[in-house]
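To start, the structure under review is shown below, and the notes come after it.
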Amino acid sequence: MTASARPPEESPILHLRVRFAETDQMGIAHHANYPVWMEAGRVQWLRAHGLSYRSIEESGVSLAVSGIELRYRQAARFDDLIAVHTHLRVARSRSMRFEYRLERADDAALLATGASVHVPTDRRGRAVRLPEAWLTPIAALVEPPS
Amino acid sequence: MTASARPPEESPILHLRVRFAETDQMGIAHHANYPVWMEAGRVQWLRAHGLSYRSIEESGVSLAVSGIELRYRQAARFDDLIAVHTHLRVARSRSMRFEYRLERADDAALLATGASVHVPTDRRGRAVRLPEAWLTPIAALVEPPS
Amino acid sequence: MTASARPPEESPILHLRVRFAETDQMGIAHHANYPVWMEAGRVQWLRAHGLSYRSIEESGVSLAVSGIELRYRQAARFDDLIAVHTHLRVARSRSMRFEYRLERADDAALLATGASVHVPTDRRGRAVRLPEAWLTPIAALVEPPS
Amino acid sequence: MTASARPPEESPILHLRVRFAETDQMGIAHHANYPVWMEAGRVQWLRAHGLSYRSIEESGVSLAVSGIELRYRQAARFDDLIAVHTHLRVARSRSMRFEYRLERADDAALLATGASVHVPTDRRGRAVRLPEAWLTPIAALVEPPS
């Protein structure tokens, strides 16, 4: 019971349940949750690849978000199990781009596609170069668009 | 592996990771997330006991929240794995009370204790009796305070 | 004093204060709040033009969000007063596009630009034509990009 | 545009509109928004009394939340104008208690009552005494329960 209660964390695909608090009066998951899910997806994707976003943050570097895009295809509903697929498309010392595909886990229906662009910053929010110690392993994970 | 990427759902204890979006400028999880986590905890608890809150909602009955209480003991931080322990203390046709214990999964440190009181309502928000079909199995799950 | 405590609602520009709960551990307003602020901005913009989004919703039509874009220029901080400037760029029976400019009110510094695309839907989420009673007054408010 | 577009900030009573993103599929404002509104209410209350919570934070002291309570009386709906009345009940160097009354502005209907208890902490989250420079003016604002 207890051991099985932990989420499996070896997968780069994040699975999450739509929370009741995330619904709106249209009866669907509100669109402003998707950037939050994309963020959780890339944290999980980093973890699955042996990289801890928490450690990056603790080293004094943040991957500040400089832009997002989202296209909503089909509504997600309360308690739906969502699979967040994260793909790193660009990894340079001063810019990174992730793309996302959000699917309903049960039938793989496409719910949304999205992207986020990031700029490494220091604790004061100034743009910096991503340290090589992070850039090298991250850059090895870039997938060209299929 | 992909199949293993789904959260285990047989446990009444919900495990969740603190999302970056849930932190605040004090560097901790903002206190207003805890009612959201308690809610997700009771949905999971119901599911683990064979009861679907989504089905209750779809039958036209909601468990509207009439009160909450929370005591915060220790801060939760970004990426912490949190275990939400849910206990049903009262289950009557017109009132239910859940209690919660939120722990950091890694060391079982107590983060917060909480409670929520609920009133069954119909789609217009009017108080109703919880149908027997739901009340009977739920009432069987009441645990007296230890 | 008391009468003056209500927000002025005749302006199409929404002013809002960054809430503490909206900050993150980078010490800035989390990027997922901006779609929420854009949404509040267009509700206020509609109101200032004599149109109630609540009434549109109550008539059974929603302006579902089919896409968003955001470019973040400068961070917003706790308690900053933000001005959300909303502009309607496209208004057709089956599609609308709004653009936004978010500024810090004190010095008019540009914080972010954004856009949202909408599809009129019925209560079941199916795409419908926006009724003429709403389309006509809304279409009169389209501003071409400057 | 007009000066009137800024919210009036001299009042200790915060007025806010329920955001669409704050609704849930029950068609009401989700209960987890109320702690956020209470927090915004006390920030406004401090401001109206010449005290800046931002300045307190910048001095390295936070008023960490150690407990909250809420009783929900009547649902708030999308676009409702809410008045948050804040009252300071206890102000000691190591503990403060605020109470709140949330009303619908149009008809003064009582929506919820709440309370929050706070502990002054330093940047590492350790409990500290509230500096006299803050405590003295704050303690002068205590109102005994009516």
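Read from first to last, the chains carry the letters A, B, C and D; within each, the first residue is number 1.
Here is the rule we use: a residue touches a chain if its C-beta (ideal position, glycine included) is under 8 Å from a C-beta of that chain, and two chains touch if they have at least 3 such contacts.
Here the structure is a predicted model, which means the values were calculated and not measured.
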item	value
Graph separation of subunit A and subunit D (steps between touching chains)	1
Centroid-based (C-alpha) most distant chain relative to subunit D	A
Same or different residue numbers at the subunit A/subunit B copy interface, by half rule	same
Computed distance of Cα centres, subunit C from subunit B, in Å	32
Whole-Å gap between the CA centroids of subunit B and subunit D	25
In subunit C, residues with contacts to at least two other chains	20-21, 25-28, 32, 35-36, 39, 57, 78
Residues of subunit D touching subunit B in the complex	25-28, 31-33, 35-36, 39, 57, 62, 64-72, 75, 121, 125
Touching residues (chain side subunit D, partner subunit A) in the complex	20-21, 23-28, 30, 32, 78
Sites on subunit B touched by subunit A in the complex	1-2, 4-8, 10-11, 13-17, 19-21, 35-36, 39-40, 43-44, 52-54, 57, 78-79, 81, 83, 105
